[in-house]
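What follows is a pair of complexes built around chain A, which joins chain B in one and chain C in the other.
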Partner chain A sequence: MFSSFMVNTWVAASIVAVVGGVVGFFVVLRSSAFVAHAIPHGAFSGAAGAALLGLNTVFGLGVFALAGALGISALGRKGRHDVATALGLVVMLGTGSLFLSWSAVYAPQIYALLFGEVLGVSRAELWPIAGLAVICLVAIALVYRPLMLNSIAPELGEVRGVRDRLIETAFLLVVALATSMTVPVVGALLMFSLMVAPAGAARSLSDRPSAAIAWSIAIALVTVWAGIALSYALNWPLGFFVGTLGAALYGLGRLVGTRRRRLVLPTA
Partner chain B sequence: MSAHVLEEQETPVLWLHNVSADLAGRRVLDDVTFAVQPGEFTALIGTNGAGKTTLLRVILGLQPTSSGIVELAGERRGRRSVGYVPQKVLLDPDMPLRARDVVALGMDGHRLGIPLSPRAGRLRRDRVEAALASVDAIDFADARVGTLSGGEQQRVLIAHALIGEPELLLLDEPLANLDLRSQHEVVALLARVAEERRVAVVMSAHDMNPLLPVMHRIVYLAGGRAVSGTTDEVVRSEVLSALYGHHVDVLRVHGRILVVAGGEDEPVRPDGEEPGSVESGIVSVP
Partner chain C sequence: MNALFAPGFFTNGIVHSALIVGAVVAVVAAIVGTFTVLRAQSFAGHALGEVGATGGSAAILAGTNPLWGFIGIAVVAAAAIELLGVRQPRSRDLATGLVLGAGLGLAALFLYLGATSQSTTGASITVLFGSLFVVSMQMVPSIVALSIVALAIVLVCYRWLLLTSLNPDLAAARGVSLRLVSALYLLALAIAVSLSAETIGAVLSTALLVGPPAAALRLTKRPTAALVVAAGIGVLATWLGILLAYDSYTWPPSGRGWPVSFFIVVFVFCFYLLAQLHGRKLTRG
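Up next is the complex of A and B:
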């Protein structure tokens, strides 16, 4: 399972895990798990549309992810976000299913977008993934403090000149980018679980944001590595392992977090 | 009240002149005028919906005005030096964020990039430590901010607002949801900050009584209109009746002030409602 063919898979999956861990930290901090759910899934219908038109599916995916991010940001302010996002998602998924029904030939390719095809990443596919990953990570590093402040309480940011709308839009665009780069590898369903489960577990493990981000990356890496190894050994779909391992590690993290706090509190 | 600050010699830190503001087509602030001197403690008093939050947001530039002028001393020097503690800050207990992280963001939360230089990091830590010490928050500096009590969170947010060394500190109902002891502590803390650092404090509240011992000036809001001055100038039956547009009584009982709607020429309504409950936000029964 470490053959040269598989090396690309390990590298791609690791890059995806790092980005999922970092972006996921803010997804969870901002309680926007739903957005992280909606953008990859909605983007899937873009891929379906592109396949129908004979275009590159990753291109269609990217366009729909970006359009979805901008749409959510334009429609929703904090309170109305859920409804706006849900409606956007429903429309996009519905359109996707229509596209799919029209283009039965391409369906297997589309299913790969939903569930991933990490066991077949080529060297040529690696570069765009790495490039988009760098863009995502640099963008997060750049807005790290304003994003943190805005995530805690938008009003505290506003008085320091950190515009809520601007930060929200910027963040949604980063989620869209992360989606475009990772969905073709791990699939829309797994991307969602990679963005939510490791970060959710990580926040129980440390009280410091930087340490929690490190934990989030580490847990995401363990999830995909173990997922690939198990999937290779048992020949079960990778999606199954990433989904269930993510949930299991999340539960474990919560458990450790509760015990940790019980140990810390009496002395504090 | 303490007389030293009310001599009108200094340039005010904040000056509002005939400020009006509309929200959704309704006049929420109507011709509000007052000034705040350095180091002065101002209480912004009004019932729910009187316009307190709107007024503070106008001062911060977050809410556009329809007419009038808002002048800030810091702005004249090309920099806004205003600290703000909003009315409702819900801090999620699941957030991996310590009290000291929140305070640090008050200093550089608007900056881009990640600070990496160790020297800057040390300076940063020292400033955060000092800010935490100034609000007596050292004991819980490393605790998760979302798990702290309301009073402790309030102190962390005050440190967050103070670390930028503002000349003006605005607080929106910082005493809401605090028990009497915590209210006392927060008020004493703010009075000390105003005194020692010469920071002008403007804080809103629906009850003026916890602030009576420390405040230099009151801005009394009702239906978007305001009167300001010392407590003795403003909290009088004639002045407040004119502001409310109907008769109110001002009662002083055991060192507390009660503002009660319905006096001699406006008797208590026959439906058995207590006079006090008509202006229930203002009245406080000891």
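Up next is the complex of A and C:
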């Protein structure tokens, strides 16, 4: 499990978990789970397109994720957010089904893109993942205060000169960046699970942002590490463990959270 | 004539059942979807379709009819969303995300087990993308029956649904049980969405659920008119898509035809954009 070819996997997955935990905190805070699901899922089509043209799949993922983020935020300006997200997602996936019908991509390759591939990380792939992770985290750090203000009290943010649209677009672009680096490892369908479940659990454990982010990262790391270990031992897909462990840890987090609140406020 | 309707379009049995099933699914999706858009529950609608695919893959693994797998899992997922996300819209978003994540995780496992035991790796593509052209005539009766159930729920609760969607406080003041209406609505949504996800794929299911109603609500403010317009747009987009997909068998590059999902999604999206342009003219003029 810790042999040399698995080292890259452990490193890559840990990077993915840290980014997922941090970005996920804001996903949950802003109730953007749908967008966090739509961008990676839609970007899968980009990977199919890249396979068709013989390009690197990460490139296709990146292009589609960024285009999807910009498209959804443009559509969302004039209509309801959830409608914009749904339409952006189906347009990307519709294009993806066209690419898939044109190309002769291997079914197992598609499966790996959708549900993740533990053993697929090479040393050469590690650098782009690390680079994109640093960019994501720096971007979040740069917009941390306005993003936080906009997420918690959008009206107050507006008064203070925080532009709602700009922040929304910037946030979607960060999700898109996170997507293009993580999809090849965790899979298009389960990436959002890594963003939603640990952060959701973290919110019931702490109300302080910094503590919640720390919890979120820790729970994401536990999810991914346990997922890899189980996936390696049983040879089942990583996506299964990430999705179900995430939901289980969320349930546990909520139980602990309510119990602790009861201890603090015994009369309530 | 032949340039538009490729030879055999009107005599082909597969095309016939695609046209019928497509129209039924589009009408149900439009009517249920109008409330989905009004209640801002597109995410739940999409999630139920994809989670339904989990049931579909489990049913393929068990060797039973996928339709029942789709519906069973979607109803369970709808109940889970309802129970987890009762408090406010904010936690509903999170609840939907968690249920979707867990469901997709299970789908990954079932598809993997299916691929290793039966070597049908194509299942993940069929389940997610579906195709109208593989629907057989034998499925039509059960599809119609389930559509009637979903429509019946919506029509019986029509006034409550409208009131709770547009003005929940007024509805609560009038003594309408918000929880009951919301649970019944999610049940109708689960049936409608899993039905369409099984027949036309999870992608198209979301497209038909959200696109035509969103376009219709741009064009008219009256709810009943919106239902009719949405159904019309849905059926039109579906039939145009089927027509072009049939024509595309002679198109480059492969000679296998372009996927019908692609065409229908493009038409739905175009109708939405047109409605938005027109709607802006309405509000301005």
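Basically, the second predicted complex is superposed on the first by the 259 of 268 C-alpha atoms of A that agree within 3 Å, B and C clash if a C-alpha of one lies under 4 Å from a C-alpha of the other, contacts with A are read in each partner's own complex, and residues count from 1 in each chain.
In this section, a residue touches a chain if its C-beta (ideal position, glycine included) is under 8 Å from a C-beta of that chain, and two chains touch if they have at least 3 such contacts.
Since this is a predicted model, take the numbers as computed values, not measurements.
Novice: Which term applies to chain B and chain C once both are placed on chain A by superposition, clash or fit?
Specialist: They fit side by side.
Novice: Which partner chains sit in contact with A:31 here, chain B, chain C, both or neither? Use first/second/both/neither.
Specialist: After superposition on chain A, A:31 lies in contact with both partners, chain B and chain C.
Novice: Kindly classify A:220 by the partners it touches after superposition: chain B alone (first), chain C alone (second), both, or neither?
Specialist: A:220: touches no partner chain.
Novice: When the two structures are overlaid on chain A, which partner does A:66 contact: first (chain B), second (chain C), both, or neither?
Specialist: Once the two structures are laid over each other on A, A:66 reaches no partner at all.
Novice: Which partner chains sit in contact with A:101 here, chain B, chain C, both or neither? Use first/second/both/neither.
Specialist: Second partner only, chain C.
Novice: By the touch definition at the top of the document, which applies to A:244: first (chain B), second (chain C), both, or neither?
Specialist: The second partner, chain C, only.
Novice: Applying the touch criterion given at the start, work out whether A:176 contacts chain B, chain C, both or neither, answering first, second, both or neither.
Specialist: So A:176 meets neither chain B nor chain C here.
Novice: Determine, under the contact definition given at the top, whether A:155 touches first (chain B), second (chain C), both, or neither.
Specialist: first
Novice: Identify which of chain B and chain C touches the larger number of residues of chain A.
Specialist: Greater contact footprint in residues on chain A: C.
Novice: Applying the touch criterion given at the start, work out whether A:145 contacts chain B, chain C, both or neither, answering first, second, both or neither.
Specialist: The answer is first: A:145 touches chain B but not chain C.
Novice: Shortest C-alpha to C-alpha distance from chain B to chain C once the two structures are superposed, in angstrom?
Specialist: 7 Å.
Novice: Identify the residues of chain A that lie in both the chain B contact region and the chain C contact region.
Specialist: In chain A, residues 31 are touched by chain B and also by chain C.
Novice: Give every residue of chain C touching chain A within the complex, in rising order.
Specialist: Chain C reaches chain A through residues 37, 40-43, 45-47, 89-90, 93-94, 96-109, 111-112, 115, 121-122, 124-125, 128-129, 203-204, 206-207, 209-211, 214, 218, 253-254, 256-259, 261-262, 264-266, 268-269, 272, 276, 280.
Novice: Mind listing the chain A positions that touch chain C in their complex?
Specialist: 28, 31-34, 36-37, 78-80, 82-83, 85-87, 89-91, 93-95, 97-98, 100-102, 107-108, 110-111, 114-116, 187, 189-190, 192-193, 196-197, 200, 236-237, 239-244, 246-247, 250
Novice: In the complex formed with chain A, which residues of chain B make contact?
Specialist: Residues 60, 62, 82, 84, 86, 89-92, 94-98, 101-102, 105-106, 108-114, 140, 142-144, 157, 160 of chain B touch chain A in their complex.
Novice: List the residues on chain A that touch chain B in their complex, please.
Specialist: Residues 29, 31, 141-146, 148-149, 152-153, 155-162, 202-204, 206-209, 211-212, 268 of chain A touch chain B in their complex.
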